[in-house]
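The two complexes that follow have chain A in common; it is paired with chain B in the first and with chain C in the second.
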Partner chain A sequence: MFEQFVNGIFWNFALIVFFAGISWRIIAVLRRGKPKDLSVPRNSGISGAIMANIRGFYPRKEIAPRIRMQVIAGYMFHLCLFVLLFFAAPHVTFIAEYITGFSWMPIPYWAFVVASEITFAGLVLLWIHRVLNPVTRLISRRGDHIASILVFIVMLTGCMALAQTSTELRVFHRFTVELLMIYFPFSALMHAIMFVPSRAYTGAWFGRRGVKV
Partner chain B sequence: MSTLLERGVDKLKTQIDARVEAYFSSCTHCGVCAEACLFYTETGDPRYTPIYKAEPLRKVWQQEFTLLGKLSNSLGLNSITENDLSDWEELVYDGCSMCGRCSMVCPVGIDIAYLIRKVKEGMAAAGFVPDDLQSAGQRALEFGSPMGLTAKSLRTTIAVLEQENAIKIPLDVEGADYLCMLSSNEVVLYSEFITAISKIFSAAGVSWTLSSKYFEATNTGVQIGDSQIAAQLLERLVEVASELKIKTVISPECGHAYTTFRWDAPNILGRALPFNVVHIMELLDQLRSEGRLKTTGSFDERLSYHDPCNISRRGGVVQQPRHLLNQVAPNFVEMQDSMEMNWCCGGGGGVSANERAEPLRLQVFNVKKRQLDELNVTTLVTSCSNCRIMLEDGLEDNDMDVSVIGITELIADHLA
Partner chain C sequence: MLITRFTGDSDSQRFRLRVTIQHEDLLDGNIKMARVNNKKSDRVRKTLFFCVLSLLIVVTVPLVPYAIDAQAVAEKQIKADNVVALPNPAINLWNEVRQRNAITEGSSQVKSVDSGILINKAGEDWRRFRMEILVPYGAFSMAAVLLSLIAFFLLRGKMLLPEARSGKRILRFTLNQRTAHWFIVGLFWLLAITGLILLYGRIILIPLLGAEGFSITATACKDVHNLMGPLFLFAVLAMFLLFVKDNFFTGADLKWLAKGGGMFGGHVSAGRFNAGEKIWFWLLIIFGLSLCISGLILVFSIFGQGREVMALSHMFHGISALLLISVSFGHIYLGTVGMEGTLESMTTGYVDESWAKAHHDLWYEDMAGASETTESADKNSQAGIVASGIANTSHK
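Coming up: the complex of A and B.
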C-alpha cells in the first residue's frame, strides 16, 4: 500500500510540484523585469555574465584563507553529492528507466561508499559551521536548517537502502526524496538553479563597467 | 501599519526587480560576505554581515512576493515592523560604506551593495536617515552643495588660486569641450586640485571650464538613497552642461560622483545623458597616451595607491591611475589587496558625512592601517577627495607618519 503510494501518486505529485515550482520561481524572476541600463557600456555585459558564472566556482585569493572551512566542506558536499546523484548504480538505473531511456557507466561500490562518506562529512561540517559560527547563526533561517536535515535524511536512507537491499528501505528512501522534491522550489535549495541568473546579473553589471570579476 | 512603515514598505516593494528576486532566491546564508566586509572583520560584530544589512528588503520580498511568506504575513508572522527599519538605520548608514567588496566574493554572485542601496530607498522614504545626511541633503537642494557652498565661495577660491599661482581658471566658458565638476572638499580643503588641473589642461591644450551656476559633484541624494533628491541634483548638472554646450563632463577626484555621473545618472533620470562622462584619471591617462601630458623628474619616496571603491571596483577605472603613477613614481608599490579587491577607507556611501558613525569608522580603519604597516610607505596617493579626508583622519588617529596626496596634484607637480 505504502509502496504503491510512494511509487505512484506521491511520485507524480512530487514531480509536478518540483517542476512546476521551479518553473514558477524562474518565471517570477523573469516577470519581475529589470529596467534597461541606460548608461553607455564600457565592455560587454554578456561576457561579464559568462565570466561571473565561471569565476564564482572558486574563491578569491584575497579572502580564501578566511573561508577555508566553508570552501573545503562546500566542495566536498556538492561535488560528491553530484557524483552520487548521477553516478550511483541505483540512480543510473532509475534515471534510465524513468527519464532518459538510456544509461551510463555507474561508479563502483567502493567509490559510492567513499563519495557518501565525503558528502556526509561535508554536509555535517557545513551544518556545524552554520550553528556555531556567530555570523551564520545570526543570518540562517529556519528553512536553511530544514533543508540541511532533509538532505541528510535523504542521504542516510539512500545509504541504508543500498546496504540492506531491502524493498522497504528503498521505498522509504524514495519517499524522503519525494519530500525533498516538494520542498525544493520553496526553499533555499533553489540556489542550485538560481545561482546562474544571480551570477549573470552581477557579472553583466560589472562587465558593462569594465570591472574584472 | 504606521504611516512611516507603510511608506517604507511601499518604497521597498517598488525596489524589487528581477535581480533582487534572483539574489534572494539564491542566497544560502553562507556568511562568506562577512569575511570581505571591513565593518565585520574589524569589529567582529555579526550584525555587520553585508547580507544581514539587506534584511528589511528581504523581509518585504518574502512577505509580498513568496507563497510561504504571503501565508505567514496573512497570519501576522514574520512581518516587517517599524522597529526593523529603525534598528537597521545604524547598520545601513553607519555600518556600510557601500564599497561592494562583499559583492565580489559571494559564491552565488549576489551584488549585496545593490541590495543595500535599495534598502536605503526604503529607509529614506520612511524617514530613517541620520540627521547629518538629512541636513546635507537639504543644503544640497537649497545651495547646490552639501556643505552649503555657493557660487560666491567658488569665485573667492578661484580668485585666490589665480593670484597665488599666476594661473587663469576658466569659469562659465560656453562651448568648452570639458566641464569639470568639483566636490565641496576640492573647493574648501583641497583646492590644490583646481590649481593642478588648470596647469595640466593649460599644458595639454585642453578646452575646459568650471561652472559657477552648479559645480557640485557630490550627490547627497545617492548617499541618502533618495532617488528624487539625486535626480533633482543631476538635472542641475544636465541643465548647466546643456547651457554651456559641453561635450564631456569630468568627474573630479571623487569616487561616488564618478559612479553617479558615469553609471547611475542615466538610470536615475530615465534617459541618456546629452554628454559623455570621464573620470579625471581617465582623461589624464588619455592625455598621457596621446603624448599631450608630459612629465619630468620623479617622486622618489616609497608610495602606494589607495583604490577608491567607486572608482576601481564599482567604476572600472583601475589601470589609468597606475599608468600615471608609473610615469612619475619609481617607488610605487601595490598594497596586498588592491584594485578590484581593495579595502575601503571606511567613509564611503555617506558614512563620512555622518558624525554619529565616526568612532566606528575610525575602528574599521584598522584594516587600512595594517595594509600600510606591511608596506612601510611614507606617502599614500589616491584619486578621491573623500577617501583622502578619511585616510588623513585615520592616519592621524593612529599617529602614523604617512602623507596623503591626490594623483592629479602629483602629476601637476611634475609637468614638463
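Coming up: the complex of A and C.
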C-alpha cells in the first residue's frame, strides 16, 4: 500500500511540484526585470558575469584563512553529492528507468562508498559550523536548518538502503527524496539552480560599472 | 534401686531401720543426681545423633543424583559391552573434519581465505565470548555506570559554582575545536546506537518488531554502521591533533586524582584539563583507534584476513565500544546536568571566570587578564571580530 503510494501517486505529485516550483521561481525572478542603467558602460557586462561565476569558486585572500573549513567542507559536500546523485549505480538505474530512458556508466561501488562518506562529513561539518558560529547562527533561518536536516535524512535513508536487500528501506529512501523534491523549490535549496544566474547578474552589474569582480 | 525396709521393735532393728532410712535418703539423692545426669547425657547424645544425621544427609543427598547417574552409566556400559562393536564409518571422517586440537587446512576447489577449513574451532570460541561475556557484561557495565550516575546525582545534586558569575568570560574552546567535538559526538552516537542495535537487537527488538522488522532494522543499521565507521578514524585523529597539547599528565593531576577530583567537596587545582578529562581523552584516543582499526579489518575483508583475525577484531571492537560508551555517560553527565556552566564552554566556546577559578584555577592563572580580550581573539573563527557583541547577544 505504502509502496504503491510512494512509487505512484506521490512520486508524480513530487515530480510536478518540483518542476512547476522551479519554473515558477525562475519566471518570478525574470519578471522582476532589471533596473535601468543610465550610466555609460565602462566595461563588458558579459565578461563581468563570467568572471563573477568563476570568482565565486574560490575565496578572497583577505578572508580565506577564516573560512578555510567552510570552503573545504563545502567542496566535499557539493562535489560528492553531485557524484552520488548522478553516478551512483542505483541512481543511474532509477533515472534511466523513470526519467531519461537511457543510462550511463556508474561509478564503482568503492567510489560510491567513499563519496557517501565525504558527503556526509561535509554536510555535518557545515551544519555544525552554521550552528556554532555566532554570525552564521544569527543569519540562518529556520528554512536553512530544515534544508540541512532534510538532506541529511535523505542521505541517511540512502545509506540504510545501501545493500539494496530490503524493499521497505528502498521505499523509505524514495519517500524522503520525494519530500525533499516538494520542499526544494520553496527553500534555500534553490541555490543549486540559481547560483549561476545570481552570480552572473551581480557580475554583469559590476562589470558594466567597471568594478573589479 | 531396691530398698528393703525392716520392721520390728528391737534396738538392732531400729538401728537397722535408721541406717536404712539414712541410706535410703542418700540413695534418693544419688538417684536424683543420676537421673539429672542421665537426662543431660541423653540430651547430648540425641543432639550428637541429630548433628551426625544432619551432616550425613547434607553430605549424601547431593550425591544421590551422581549415584543415579553413575548407575545409569554403568547400565549403559553393561549394555554397550553386550553389543557387538560396529565402528561408525563417519566417526573418523568427523574427527578429521572437526579438528579439535588443531586447525588443519585441506584443499578445496574454492580459492579464498580459509576455504580449505570446514570447521573452525575459533568460531565457537568467538560465539561463546560474544554471547556469554560481551553481551551480558557489556550491558552490566553500561547499566552500572548509568545507575551510579543517577545515584550520585540524587545524593550530590548539580555542582553549582561556589561564587556568583562574574560576567567576564574566557575563551575555552575555539570554533574548530568545538566543531571537531560535535562532529565526533554525532558520529559516535550514530555508530553507538547502530552498533548496540546489532549487539542487543535480537534480545530487545525482536519481541517488539518481530523477526522481519528486526531483520530490516538490523540491515539498515549494519549499512549505516559500516558506511560511517571509517569517518570515525578521521574524527579521532582530528580530536588528537586539536586537543593533545593540553592533555599530557602533570604532577597536579596526581593530587587531583588523590582528592577524587573534588567530587565530594573541597577544592582541587587543575590546569586547562583536569586528570579526569585527560583520562577520558586518552581513552578516546587509544580505544577509539582500537575501534577504528578493528572496524576497518571487519569492514574491508579484502586483504586476506581469515576468520580468526576477524573474530579477534570483533572482540577488540566490542570491548572498546562498550568501554567508551560506558565512560561517555560520565563525560556527558559532567558536561551537562552534573556541573553548572560546563556545557556552555562547548556551545559558545566561552566560560565564566568563576567557573574557570572553581574548576581550572591553574589554567585561569595562565589566562589571567585575558578575559577582557579573548572574546575577540578567536583567530580560528571567522567571526572573531564580532564575537564579543554577538556572543553576548546570543548568550542572553
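Here, the second predicted complex is superposed on the first by the 212 of 213 C-alpha atoms of A that agree within 3 Å, B and C clash if a C-alpha of one lies under 4 Å from a C-alpha of the other, contacts with A are read in each partner's own complex, and residues count from 1 in each chain.
Assume a contact is a pair of C-beta atoms (placed from the backbone, for glycine too) under 8 Å apart; a residue touches a chain by one contact, two chains touch by 3 or more.
Every value quoted in this text rests on a predicted model; they were computed, and no experiment measured them.
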Does chain B (first) or chain C (second) touch A:105, or do both, or does neither?
neither
Which partner does A:210 reach: the first (chain B), the second (chain C), both, or neither?
first
Under the stated touch criterion, which partner chain does A:169 make contact with: chain B (first), chain C (second), both, or neither?
second
Contact-wise, after the overlay, does A:161 reach chain B, chain C, both or neither (first, second, both, neither)?
second
Partner chain in contact with A:69 - chain B first, chain C second, else both or neither
second
Tell me the contact category for A:125 with respect to chain B and chain C: first, second, both or neither.
second
First (chain B), second (chain C), both or neither: which does A:38 touch?
first
Considering only touches as defined above, state whether A:134 meets chain B (first), chain C (second), both or neither.
both
Between chain B (first) and chain C (second), which, if any, makes contact with A:116: first, second, both or neither?
second
Which partner, chain B or chain C, touches more chain A residues:
B
Footprint overlap on chain A, where chain B in one structure and chain C in the other make contact:
63, 66-67, 70, 133-138
Contacts from chain A onto chain C in the complex sit at residues 63, 66-67, 69-70, 113, 116-117, 120-121, 124-125, 128-129, 132-138, 156, 159-163, 165-166, 168-169
Interfacial residue positions of chain B with respect to chain A in the complex:
16-23, 25-32, 34-36, 40-41, 46-47, 49, 51-52, 65-68, 103-111, 114, 262-267, 270-272, 276, 312-316, 318, 337, 339-341
Note which residues of chain A are touching chain B in the complex, please.
25, 28-30, 32-35, 37-40, 42-43, 52-53, 56, 59-60, 62-63, 66-67, 70, 74, 130, 133-141, 144, 186, 188, 190-191, 194-195, 197-203, 205, 209-213
Touching chain A in the complex: which residues of chain C?
175-176, 178-179, 182-183, 186-187, 215-216, 219-224, 227-228, 230-231, 234, 347-349, 381-384, 386-387, 390-391, 393-394
